[in-house]
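Chains here go by letter, A, B, C, D, E, F, G and H, matching the order in which they are written, and residues are numbered from 1 within each.
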Amino acid sequence: MNRETIKKLLESVRSGDLDVEEALEKLRSLPYDDLGFAKIDTHRTMRRGFPEVIFCEGKTVDQIQEIVRKMTENSEVILAMRAGEEVYQAVQKITDQAEYNAPARAILVGKKLAVKAESCILVISAGTADMPVSEEAAFTAEAMGNRVERLTDVGVAGVHRLLRNVKQIQSANVLIVVAGMEGALPGVVAGLVDKPVIAVPTSVGYGTNFGGVSALLTMLNSCAPGLGVVNIDNGFGAGYLASLINQLGEGKK
Amino acid sequence: MNRETIKKLLESVRSGDLDVEEALEKLRSLPYDDLGFAKIDTHRTMRRGFPEVIFCEGKTVDQIQEIVRKMTENSEVILAMRAGEEVYQAVQKITDQAEYNAPARAILVGKKLAVKAESCILVISAGTADMPVSEEAAFTAEAMGNRVERLTDVGVAGVHRLLRNVKQIQSANVLIVVAGMEGALPGVVAGLVDKPVIAVPTSVGYGTNFGGVSALLTMLNSCAPGLGVVNIDNGFGAGYLASLINQLGEGKK
Amino acid sequence: MNRETIKKLLESVRSGDLDVEEALEKLRSLPYDDLGFAKIDTHRTMRRGFPEVIFCEGKTVDQIQEIVRKMTENSEVILAMRAGEEVYQAVQKITDQAEYNAPARAILVGKKLAVKAESCILVISAGTADMPVSEEAAFTAEAMGNRVERLTDVGVAGVHRLLRNVKQIQSANVLIVVAGMEGALPGVVAGLVDKPVIAVPTSVGYGTNFGGVSALLTMLNSCAPGLGVVNIDNGFGAGYLASLINQLGEGKK
Amino acid sequence: MNRETIKKLLESVRSGDLDVEEALEKLRSLPYDDLGFAKIDTHRTMRRGFPEVIFCEGKTVDQIQEIVRKMTENSEVILAMRAGEEVYQAVQKITDQAEYNAPARAILVGKKLAVKAESCILVISAGTADMPVSEEAAFTAEAMGNRVERLTDVGVAGVHRLLRNVKQIQSANVLIVVAGMEGALPGVVAGLVDKPVIAVPTSVGYGTNFGGVSALLTMLNSCAPGLGVVNIDNGFGAGYLASLINQLGEGKK
Amino acid sequence: MNRETIKKLLESVRSGDLDVEEALEKLRSLPYDDLGFAKIDTHRTMRRGFPEVIFCEGKTVDQIQEIVRKMTENSEVILAMRAGEEVYQAVQKITDQAEYNAPARAILVGKKLAVKAESCILVISAGTADMPVSEEAAFTAEAMGNRVERLTDVGVAGVHRLLRNVKQIQSANVLIVVAGMEGALPGVVAGLVDKPVIAVPTSVGYGTNFGGVSALLTMLNSCAPGLGVVNIDNGFGAGYLASLINQLGEGKK
Amino acid sequence: MNRETIKKLLESVRSGDLDVEEALEKLRSLPYDDLGFAKIDTHRTMRRGFPEVIFCEGKTVDQIQEIVRKMTENSEVILAMRAGEEVYQAVQKITDQAEYNAPARAILVGKKLAVKAESCILVISAGTADMPVSEEAAFTAEAMGNRVERLTDVGVAGVHRLLRNVKQIQSANVLIVVAGMEGALPGVVAGLVDKPVIAVPTSVGYGTNFGGVSALLTMLNSCAPGLGVVNIDNGFGAGYLASLINQLGEGKK
Amino acid sequence: MNRETIKKLLESVRSGDLDVEEALEKLRSLPYDDLGFAKIDTHRTMRRGFPEVIFCEGKTVDQIQEIVRKMTENSEVILAMRAGEEVYQAVQKITDQAEYNAPARAILVGKKLAVKAESCILVISAGTADMPVSEEAAFTAEAMGNRVERLTDVGVAGVHRLLRNVKQIQSANVLIVVAGMEGALPGVVAGLVDKPVIAVPTSVGYGTNFGGVSALLTMLNSCAPGLGVVNIDNGFGAGYLASLINQLGEGKK
Amino acid sequence: MNRETIKKLLESVRSGDLDVEEALEKLRSLPYDDLGFAKIDTHRTMRRGFPEVIFCEGKTVDQIQEIVRKMTENSEVILAMRAGEEVYQAVQKITDQAEYNAPARAILVGKKLAVKAESCILVISAGTADMPVSEEAAFTAEAMGNRVERLTDVGVAGVHRLLRNVKQIQSANVLIVVAGMEGALPGVVAGLVDKPVIAVPTSVGYGTNFGGVSALLTMLNSCAPGLGVVNIDNGFGAGYLASLINQLGEGKK
């Protein structure tokens, strides 16, 4: 029951065609979301312009192809994460607008959003093995209309490598810091800046790394305040959150 | 905005005092749950006659006293779980309708609901140390209007003790089986009946019991199908779920 | 020693061919289950009409083929769970009555039981990746003679998707709610209904999902009472338990 | 060696009082942070006006008293977290500017910073038992110069309670969502807004809650993107991070 | 229904007072354990002469007192484990036959069983802090009628201390080896003997000892075969199992 | 320095060729195990007649072939565990005395030891999927010279299957009970007998089985005393320990 | 059998009072450690001059008093770790040579060993709450005869605090780095030096710190090589290991 | 900005070409490590002559080839760890100076460093399956210029095998002890020597070994002081740390 349906109902009440008790009964039986147009509008506003996202892991190529086909009817931009080469090939068969970011294992259908904020998101990664995750974060943030810079291979084992770049680090608006192994980098970075830091543990490591748990615990227990942590290997979530933060206030301008 | 408010709104539309577009706007801007009377009604139906429940753990005696005072204005029956002796004394100061079940550490304010179903819930416990949890389950189910039987100290270490009671076990409609230590009892019981079994692990044990985790895992991994598991020591949840199951269909009669 | 054997023994006692002490001795030495016909009868009654179930995981195709061959001699309906395509092909070689449900990875040999209850089991799943588990649950419940409805892709990240279906949700007799990732859906559903909810965590997710442990813990710790939880990915167990609950009281009619 | 020292050194070089090689040597032998005035300045800027924070847990009352005494010499505002009543009494003996927030177990010495941003931080908590943590978050954010609103007792077990407040939720600039037990609230809130959500798991619960681990995992595995998670019970960290986010861009104005 | 009941039934059949079909029906409806006298006899034999055991942890002093009072009516020997001083005092009030072993926290009511086997159980412990557990094991084995020797403070950190006693070690029939910390002692001992070794991890230690988990894992992963492991701190279980092993074959002599 | 060396030394002392102090010095500097012939003898005695055992997992086929070749020079019987088909083929190339037990994945080179004890070891397994482990246990015990009986597929989900075999169970001298999933079988068996029970958890199961941890914890926490537990899937260790127990006292006859 | 016994034996051989074969037999039957004087000497050498150490945790004051009394007969220096104030008072009653280090909770009876090495051990700690552990380490190393320096409160949250002290850090011979919370300090320090670093995780922290596990994992997973890790809160072990390292080669001079 | 740049700056100040304020500004804006020449020099000294190390796991063959190519321009010796056969073949294509250690899965490009210390590192391993890790340790230490001895297959299950080699063990300067399964060997070795022991847990084992966690915990909880532990399977880290220790003091000679 949409706005029009309710309008008609009210008009029937006014015209006397519908009795108040009956109208009341009809309104009572409305399912939530039909009455919920305010929320739905809000919801649309909230998401408008943001890429729709498909998480490919655990879906067959056929399923993904089908989902992309359906979504291209309504969305100008689609992001497919954790997508292998074969998924990209399948997507190409149904649209010629797909672009593939191999290290991030991400497909963009359509165009990245126009940049909305002057300020910059800096994606720092501790080692080259963390690149799939850091690229996923960077690519997500770019697709959502942000300026993104990258700083790689600055792990804490050689803290001077990090300090050499302190200027770039201090000039960013939001920082995403990606690290596996002992995962100490985000805490050290947070101690150098007065900006929010999003910490992303990766599953890079072996033995007591426990698939990223070691890095995760390090980040959650950081002495330096100003850190928010996402799931292990969740570059997408970090990029998404960084974009929300970076674009704060852009709407009201 | 309750039923009356909407009725008035509709009457204003009918009388012409309110224009259709204005009415539409007012309806649009209603907060969800104000429009949501269908749900609220449903919600009330759903909960009607069921005891309101206060979980006392982590609340001060003052806070609990305050909550009970407020609730007695609207509720005929209140259940306060995990309530120590001192909570009971505090509750007695504001109402003379409170009854205390010491082993279950539960307070009932008002009267248990009238029994709604002929069929019986059987609460089985493995050892005497499990009694606080099994009593919590039994008391909850009784308060919600069920016939409850108890069968205690029939752990699997002496399986003949269990089999001696197989008739009582097979005549129950719903079974709650409470066990600590290795927690094998619910699985053995489930193999003897064709009725739903609610398994409640308790934190009774030591060493690798890990505060009930051993019993929990045993129940989740049971070879015998027909088991649903609740949180460690969650006698209340088991009694509540058993009551929902036992009273199925009572409404439609 | 079956009923006939015991009858003959009693007749020999009556005719004087067997002396009381000898008869006593014979009864004494009977193995449990031979004397245990009451239980065995009960047991049969308990299981009668229910599909016999083979759990294929960890068995070779040859073993499964052999088990099915043996069972077809006595059972009218057999359910083989966690069965791959190759198992289905092997089963087809020994019976032409096998039906395969690919998403549920389940084989039914014979016919689904006739529907025994008017009331309906609703299987809700949070995401499309949870389908193997939700289908396993639904298929099990259908095979055991229940009406089953399905509601898919209504995860809590967009709670309005769930609320849109509140009517269907509230009209079910028993609910199975399947969710991976953070596993919050069963708790939210339990807050909307006054019917038992069976929560099934799935291993869908990554990182700190720990193969479904995250979802499992969420369900066990749910604030909303009325939830019973089964093992991770245990769609079969959920379907079986839901069937037991849904058919409560059908026997006595 | 501060700016003045280096300036004098340079002036001595210019005047010829100091030879270039000698000056070079002096600069070489400077400890890092003495040369590091850029960083120190930055550092000061970064921290300027922010309350200095003492984490009282694991310190004796004497130690805390001593630290506060020292800090009052330089800082206009000091925040002492996880401070019991007895710590507050000790602090009062050395300053009459201390204010105690009992539920947050926090002491503020001096005045809260002037509000720097128009936008608001909303602190949502699932249950009343989560209050110590949510108050810690709110109090921290207020002390750091933010407008803070509170929304309490809106756990997902009754999702309508949450939706009733959807307007307030959607109008916040940054959201802190505090929850124990199953910890599902932050994920549901993140699905309703397009603003950053800081999720704070609490140790409220029992059994498989494992001291907050259940809630933590739920938050890390949330399907809804836009969440950053902090350590269990870390209200301070959440308030600090929210403040950094909320005041982004305020500096450049 | 005991032997007499069945005898009477059979006599009624013989005398013609009871018809065969009726008798059959009566036998059918017998509860399991009434027919199950063979098993019950066996069961009695199995347990005869063995001390009845009360696990005091988690029971109130009143409850224990009551249980002991009841048991003294039938049992000549009672063992109460994990019993504090106050339990002993309470037990003394109802019997003057109680003996207290303080380090083992065990009470013996009545007399230790006569020694049944020539061969000896050797209880080895790694450190003095393991004494409560090793004494619990030794006292249990003694109460059950075994010769017990003790060898203490021979941890692997000084392997020569162990080797000095190799003769005593190799002359035992069954060995109980108790160790906390890293728990390596049982594996080293098992490599020195050709007798069964019962390994008992204790919760002695700190940090990554995790309440005895470290020692438990060491014992389960021992390279030396011939080890059986019991729960952390389960001296009673070790003593009981050692007694069963040590008395093997004694019955048949 | 062997017996001969020491004899010569002593003879030199006697003949006066070697001075007492010098002899003392030479003895002092002897490495441990050269003086340690008593122990070495004991050690040989201890192991004499027992099969030497190769654990193949983690060794290459070449390495195993080499080890077998070397061992055949000294040992009359060799046991190779966790050996795949390809290992057996490689072993066959160097000896024609090898026998392969496929379900147990074990190779016997030479002959099983002659049976040393009249009494019997009973290997009970809960399900057919546990067979690789139960066969490993049975085969090990047989190779070491024991009578072994097997009882399979008697899991606790249908406790009557177990009770049907109570006679066979109660007549065994030592019991090995193998179970995966919830692992409750050993505890139930231990409650039926007065003989030592060796409990073997298997990794059979899924989800919260955690690779056998669930079954392991169940066994360690069993209420029934008389259980010793070995590592997950460690059939060999169980068979070895059972043999040690079963042959106790055989030596002294 | 000590040196004298063997000497006499040899003299009897020489004098002809003892026949060679008899002597051989006597030597054969000697228990290990009686023959093992070489080892015992070595052992003494190994430990000579090193403080004997009592771990007080889990021992009663009486027991500790007794142990100290016995040890003072033979040892010139005794170290008692994890000793509370009351232990110190008890020790004072039996010796007037006891010194108490309150923060380290350590008692030294006798004198610290003379300093054996020029080189210095540097004990670095991340926060003031880590002091009990860092003092335990420093005190142990001092008691064993080492020069010890301390550097405190240089956690990675403000990496400039650490770098300010880079000279002191780089001039140490061995470094002990103590940290709780996220435990990142040892890895950062290891990246700054070419000397061995002993990492000590502490249990300082809350929530996901899990009693020091977070810090432990960080240290084990450090990207910087050159780290050896000890148990959580094991300051003693760190001081002991550092002393062994620092005094390497001192013996041969 | 290196020494020369700063010298020129100072000379410009002296000559008056650069004004003091401007010079101050330039110094301020210097990135850290450009001013940080003291540290950089130190750093170079620290690492000079040490092999540069590539950790190959998680890098593609192409990436490794590229890194080696770049490094050969500056380094005389490169170590590539965790390198498979195919990596070695790829490295051979760009340099003819590569040597492959297959069991250690390590590539050395260039020559091992000249031996710097007389003293010896002894690498002890418990079983042959631990060889990949023990070889990694030994090879690393050799490449860094140390004498290395190996002692293999001396696990604690037969402690006499270990004691037979006590002389070799006691003559080493530093010991690396590698063990899987229960990991007890390092603790036993540490009890025999007065030298530092580096303990390396391996992932060799099954079941409750949990991929090396069992061995790790054993080592961390060792009763014998003098142990430092590295990550599971981290042979490289052990070899590196042993080399740092073994070469202590060599620089100052």
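The criterion applied here is as follows: a contact is a pair of C-beta atoms (placed from the backbone, for glycine too) under 8 Å apart; a residue touches a chain by one contact, two chains touch by 3 or more.
Since the structure is predicted, the reported quantities are computational estimates derived from the model, not experimental observations.
Asker: Can you list every chain in contact with both subunit C and subunit G?
Answerer: Touching subunit C as well as subunit G, we find A, D, E, F.
Asker: Repeat of A-B among E-G, C-E or E-H, where over half of the residue-numbered contact pairs coincide, is which pair?
Answerer: More than half of the contact pairs of A-B reappear in C-E.
Asker: Just send me the rotation angle from a CA overlay of subunit E on subunit G, rounded to the nearest 5 degrees.
Answerer: Between subunit E and subunit G the superposing rotation measures out at 90 degrees.
Asker: I'd like to verify one number: the distance from the centre of subunit B to the centre of subunit G, where each centre is the average of its C-alpha atoms, in whole angstrom.
Answerer: Here subunit B and subunit G have centroids separated by 56 Å.
Asker: Please work out the Cα centroid separation of subunit D and subunit F, and write it as a whole number of Å.
Answerer: 59
Asker: Per the centroid of Cα atoms for each chain, what is the distance between subunit A and subunit C, given in Å?
Answerer: 39
Asker: For subunit C versus subunit D, what separation do you get between their C-alpha means, in angstrom?
Answerer: Chain centres of subunit C and subunit D, defined by C-alpha means, are spaced 51 Å apart.
Asker: Could you check subunit F for residues that touch two or more other chains and list them?
Answerer: Where subunit F meets two or more other chains at a single residue, that happens at 31-32, 36, 39, 43, 158, 163, 166, 192, 207-209, 213, 216, 220-221, 231-232.
Asker: What are the touching chain pairs in this one?
Answerer: A-B, A-C, A-D, A-G, A-H, B-C, B-D, B-E, B-F, C-D, C-E, C-F, D-G, D-H, E-F, E-G, E-H, F-G, F-H, G-H
Asker: Quick check on the complex: what are the subunit A residues that touch subunit B?
Answerer: Where subunit A meets subunit B, its residues are 3, 6-7, 10-11, 13-14, 16, 20, 23-24, 27-30, 32, 35-39.
Asker: Looking at the complex, which residues from subunit F come into contact with subunit C?
Answerer: Counting only subunit F, the residues touching subunit C are 128-129, 158, 160-161, 163-167, 204, 206-209.
Asker: What residues on subunit D touch subunit G, complex-wise?
Answerer: 31-34, 36, 39-40, 43, 57-59, 63, 201, 203, 211-213, 216, 231-234
Asker: In the complex of these two chains, what residues of subunit B are touching subunit C?
Answerer: Going by the criterion above, the answer is residues 39, 42-43, 45-47, 50, 53, 119, 166, 170, 173-174, 192-196, 198, 216, 220-221, 225-232, 236-237, 240-241, 244-245, 248-249.
Asker: Within their complex, state which residues of subunit D touch subunit C.
Answerer: Subunit D reaches subunit C through residues 126-127, 155-159, 163, 181-184, 187-188, 190-192, 205, 207-210, 213-215, 217-224.
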